[in-house]
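Okay, handing you the structure first.
Which chain is which? They are A, B, C and D, in the order written, and residues in each are numbered from 1.
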Amino acid sequence: MSNPTAIFLISCPDQKGIVARLAGFVYQHGGNIVDSDHHSDLQAGRFLGRIELEVEGLDLDRAGLRKGFAAIADPMGGHWELHFSDVVPRIALWCSKQEHCLLDLLWRHQAGELGAEIALVLSNHATLRRHVEPLGIPFHVVPITRETREAAEARELALLRSEGVDLVILAKYMQVLSPAFLEAFPSVINIHHSFLPAFAGAQPYHQAHARGVKLIGATAHYVTPDLDSGPIIDQDVVRVSHRDTVEDLVRKGRDMERLALSRAVRLHLQHRVLTYGNKTVVFE
Amino acid sequence: MSNPTAIFLISCPDQKGIVARLAGFVYQHGGNIVDSDHHSDLQAGRFLGRIELEVEGLDLDRAGLRKGFAAIADPMGGHWELHFSDVVPRIALWCSKQEHCLLDLLWRHQAGELGAEIALVLSNHATLRRHVEPLGIPFHVVPITRETREAAEARELALLRSEGVDLVILAKYMQVLSPAFLEAFPSVINIHHSFLPAFAGAQPYHQAHARGVKLIGATAHYVTPDLDSGPIIDQDVVRVSHRDTVEDLVRKGRDMERLALSRAVRLHLQHRVLTYGNKTVVFE
Amino acid sequence: MSNPTAIFLISCPDQKGIVARLAGFVYQHGGNIVDSDHHSDLQAGRFLGRIELEVEGLDLDRAGLRKGFAAIADPMGGHWELHFSDVVPRIALWCSKQEHCLLDLLWRHQAGELGAEIALVLSNHATLRRHVEPLGIPFHVVPITRETREAAEARELALLRSEGVDLVILAKYMQVLSPAFLEAFPSVINIHHSFLPAFAGAQPYHQAHARGVKLIGATAHYVTPDLDSGPIIDQDVVRVSHRDTVEDLVRKGRDMERLALSRAVRLHLQHRVLTYGNKTVVFE
Amino acid sequence: MSNPTAIFLISCPDQKGIVARLAGFVYQHGGNIVDSDHHSDLQAGRFLGRIELEVEGLDLDRAGLRKGFAAIADPMGGHWELHFSDVVPRIALWCSKQEHCLLDLLWRHQAGELGAEIALVLSNHATLRRHVEPLGIPFHVVPITRETREAAEARELALLRSEGVDLVILAKYMQVLSPAFLEAFPSVINIHHSFLPAFAGAQPYHQAHARGVKLIGATAHYVTPDLDSGPIIDQDVVRVSHRDTVEDLVRKGRDMERLALSRAVRLHLQHRVLTYGNKTVVFE
């Protein structure tokens, strides 16, 4: 609908002139910056930035743009990425038996909210197949047990690679990914059904009910080998009362899970999230 | 401004006819119920109820009303209370060096929001004296160290008793109360500067900043010997971002502390809170 | 899953002894009240109450229970209803071309959140047929123009009656219902895409964007002949900023529409909402 | 506590190279940008930006910096400002008889949240004098009636000028300012006790109660001659129910008024707000 843009993300040691050099480079080549935002973490001595510019009007092709950014960013040390808004990311939705997050993402995909292509849906159960295949999206069942985990993950990894998947979304997948898997494929977002770090681990709604909290929540985060401890992208909460049973918490919590997960996924897919240490910077 | 009411609170094993017997008793004696609310925790087999009735028009005096309620409630087992809205509770505000919760409660008191009399303010430091004495409220300094705790608490307890205090509010008191003190005076509300059970213990804002959460909160709870684990009365949260330093979290958190604490205190003073197990029922 | 309950709702002039008579009647007949809540609007001199009791254990059949409640409630004047939790209400979802509210309600229905049977989906366009018929739910297209409105509404009314529909939900139906229709079928819930009374009328998101508000919202309300002015059941809001275009407001607003509408529908279907004047009492 | 920074704000027709020229200029002169944010309103063809840089390390003095920015910004057309973080703005708080917003701002001032000097408090009544003078802040009473408005405003204007006031904050001042006054002194923030544009005008809480809304709110906005229609800086809402009387709405609303007003004032004082048309851009 709109003209393609290039999105440049950078995380590097803080130093003078970063914005000037980047914006100057874009301007020299006829580019028009439509959005730029940066954050300096003075404590950590770190610069984190995002520049979005129109591709049209540049006197460089995309390879030239990449080369130019590299020439500036590489000497600064750290990490940078260049994305183009018309290169649609490919995502894989992983689920188990609960459908609410899966259906929500499928609907948002159809509504054009995500800006991604769903390459496949994967589950350790066949339960949700009927929601997926009618949409023309491949549905893969990969059962998993303690004994078969290694083989299953190998199969999953092969699938992600053959399908060119950029991001895995754990839409209530309810299985732990091994450190080896995450090293091979680190781009994974999970939804945890509590406002972390409260109620990490199993059955957070039961824990919340037992503790008698007045707010319950959900947390969307990047997955790391350390369970429920990855960088948080988004969180949301809803008020509960003594009248709410565990089942009510589950029901109310589902809405927060859908909201937090879909917002986190959208932010990631628009290249608005950078991680450093165990935190995220979200350029909203 | 309004006619006095009687407030009857009960927590007992669930059984048939509780509401009928209580409402029938009130009606027989010409009483008018202006508010009644109850909750049955089916899992715990517990009935928790609150009835508020106009005193005017009753053919019983207050002692007779108490006797009548006792005759119904005692056989049911459990715990009951009878309060009168024109008997103004006496509260003690305990603080240390931070003034925001103290000033907020002082202001709400002057604005008539609390419906209580402030019997005294107590602190382990003299810092906030200048905010209190000009209002004609006694300010007591009771220094406390590990060695002097026992003597200090004895002195505090004597003060609470001689002043007829009904409720102690820890408005950022920052000191742990001993189990012995709490046994002698159990009616204590504290404000913790996190959405418990996340970030219990010291320096929750530093913990929250290190964890990179996207929401921070505050929790008002009854104090029990088990630190930061008492029954929760109210919680509130506010959105934060990567731009927020620890100082920003402290600043934003102060607003949540003031809101959650003042709401919890008001609910307690209106006799709208019952505890059972480690939870509260809040009749709003 | 649970034992059937009877739900008695009443709205009448405030008077002494209402709770006593109702609770006494239930107790006399061996009933167990599991939830009771009432509200006295002292200004309006109105009593509004809800009692939920277990059917099992009563020494009356359902007709007898109805007769008994009538004997108490009729003399009080006003309006009362008796519902049974195992009599599943039948609802009709009316939509136009936008699918988000329809899909959300269909999903919640499948998840067992609504506690109702979807008798039919009706639309003035065929657009959303493909989402409905695969679920085995009848989809009716009733086109409507200024000229055909009267005939169309007659057809709709006949359909609602022949299908025994209890509640119509306007899930982004985007058409005005005539006063005559609403007189014949008054039980209609609508979702308006603003926090009413702000931005009543057409294109509220455009209005909100032009005004530069920092919060946008959605309002679920009963439909009355006076457009966008019916009794409000629930509202929700979300924060927006200058970065949000009208399209972003529409996207963010959809989530609030889904939340507010589904909560309002659930509350209505659990017989937790009473209207009086142009307001609602919501027994949560 | 931190090194002084310069804050440059600009609103001009959108054009290529703005960021490059500004950041390049800063870099050339040895400056370190600690925060930069901009927004392009593509519809309005407008660029709105904020750059914050450390003063230390620049090879220009402040006059030179101003001259340099002018040389870049003036040719772009539009409006620009340059502020220095160590030049503390002087504010005037205007109130009437209600104290909650005034006390809140006084407390935040003492807590160091505002980063401003309170030059004076002004009121049309003497009611709140006792809260102000003990803090050593001048309190001016300027009574106002329809007949004396012109003379009163002249006196107020003279006072603002002689005291070098940069911003007037209407902390429940409850009086309309004339167009002539606003032309002479346009920098005025007001708090309105509703989520505008709902319930503009008088007695919004009564209006909200009569309408039966489920959320009430507050709006902080710049004052324009068109009543309650100025650019909105911040809004907040709180949930209410049928149990809340008008008095409860007033009480709950006061908290939202304090939050929205204090946030808006802080954002303005940190030079984070730009207006264009009837809207604001808030660089948070």
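In this text, a contact is a pair of C-beta atoms (placed from the backbone, for glycine too) under 8 Å apart; a residue touches a chain by one contact, two chains touch by 3 or more.
Since we're looking at a predicted model, the values are computed, not measured.
Chain centres were defined as the mean of their Cα atoms; on that basis the chain farthest from chain B turns out to be A.
Annotation: the chain B:chain C pair of sequence copies touches via predominantly the same residues, more than half of the used numbers being shared. In terms of their C-alpha centroids, the spacing between chain A and chain C amounts to 37 Å.
The geometric centre of chain C is 42 Å away from that of chain D, both derived from CA atoms.
In chain B, the residues touching two or more other chains are 39, 241, 243, 284.
The part of chain A that touches chain C in the complex is made up of residues 99-100, 103, 107, 111, 113, 134, 241, 243, 251, 254-255, 259, 284. Those residues of chain A lying in contact with chain B across their complex are 39, 41, 43, 48, 195-199, 211-215, 217, 231-237, 241-243, 245, 277-282, 284. On the chain C side of its complex with chain B, the touching residues are 16-21, 23-24, 26-28, 30-40, 42, 57, 239.
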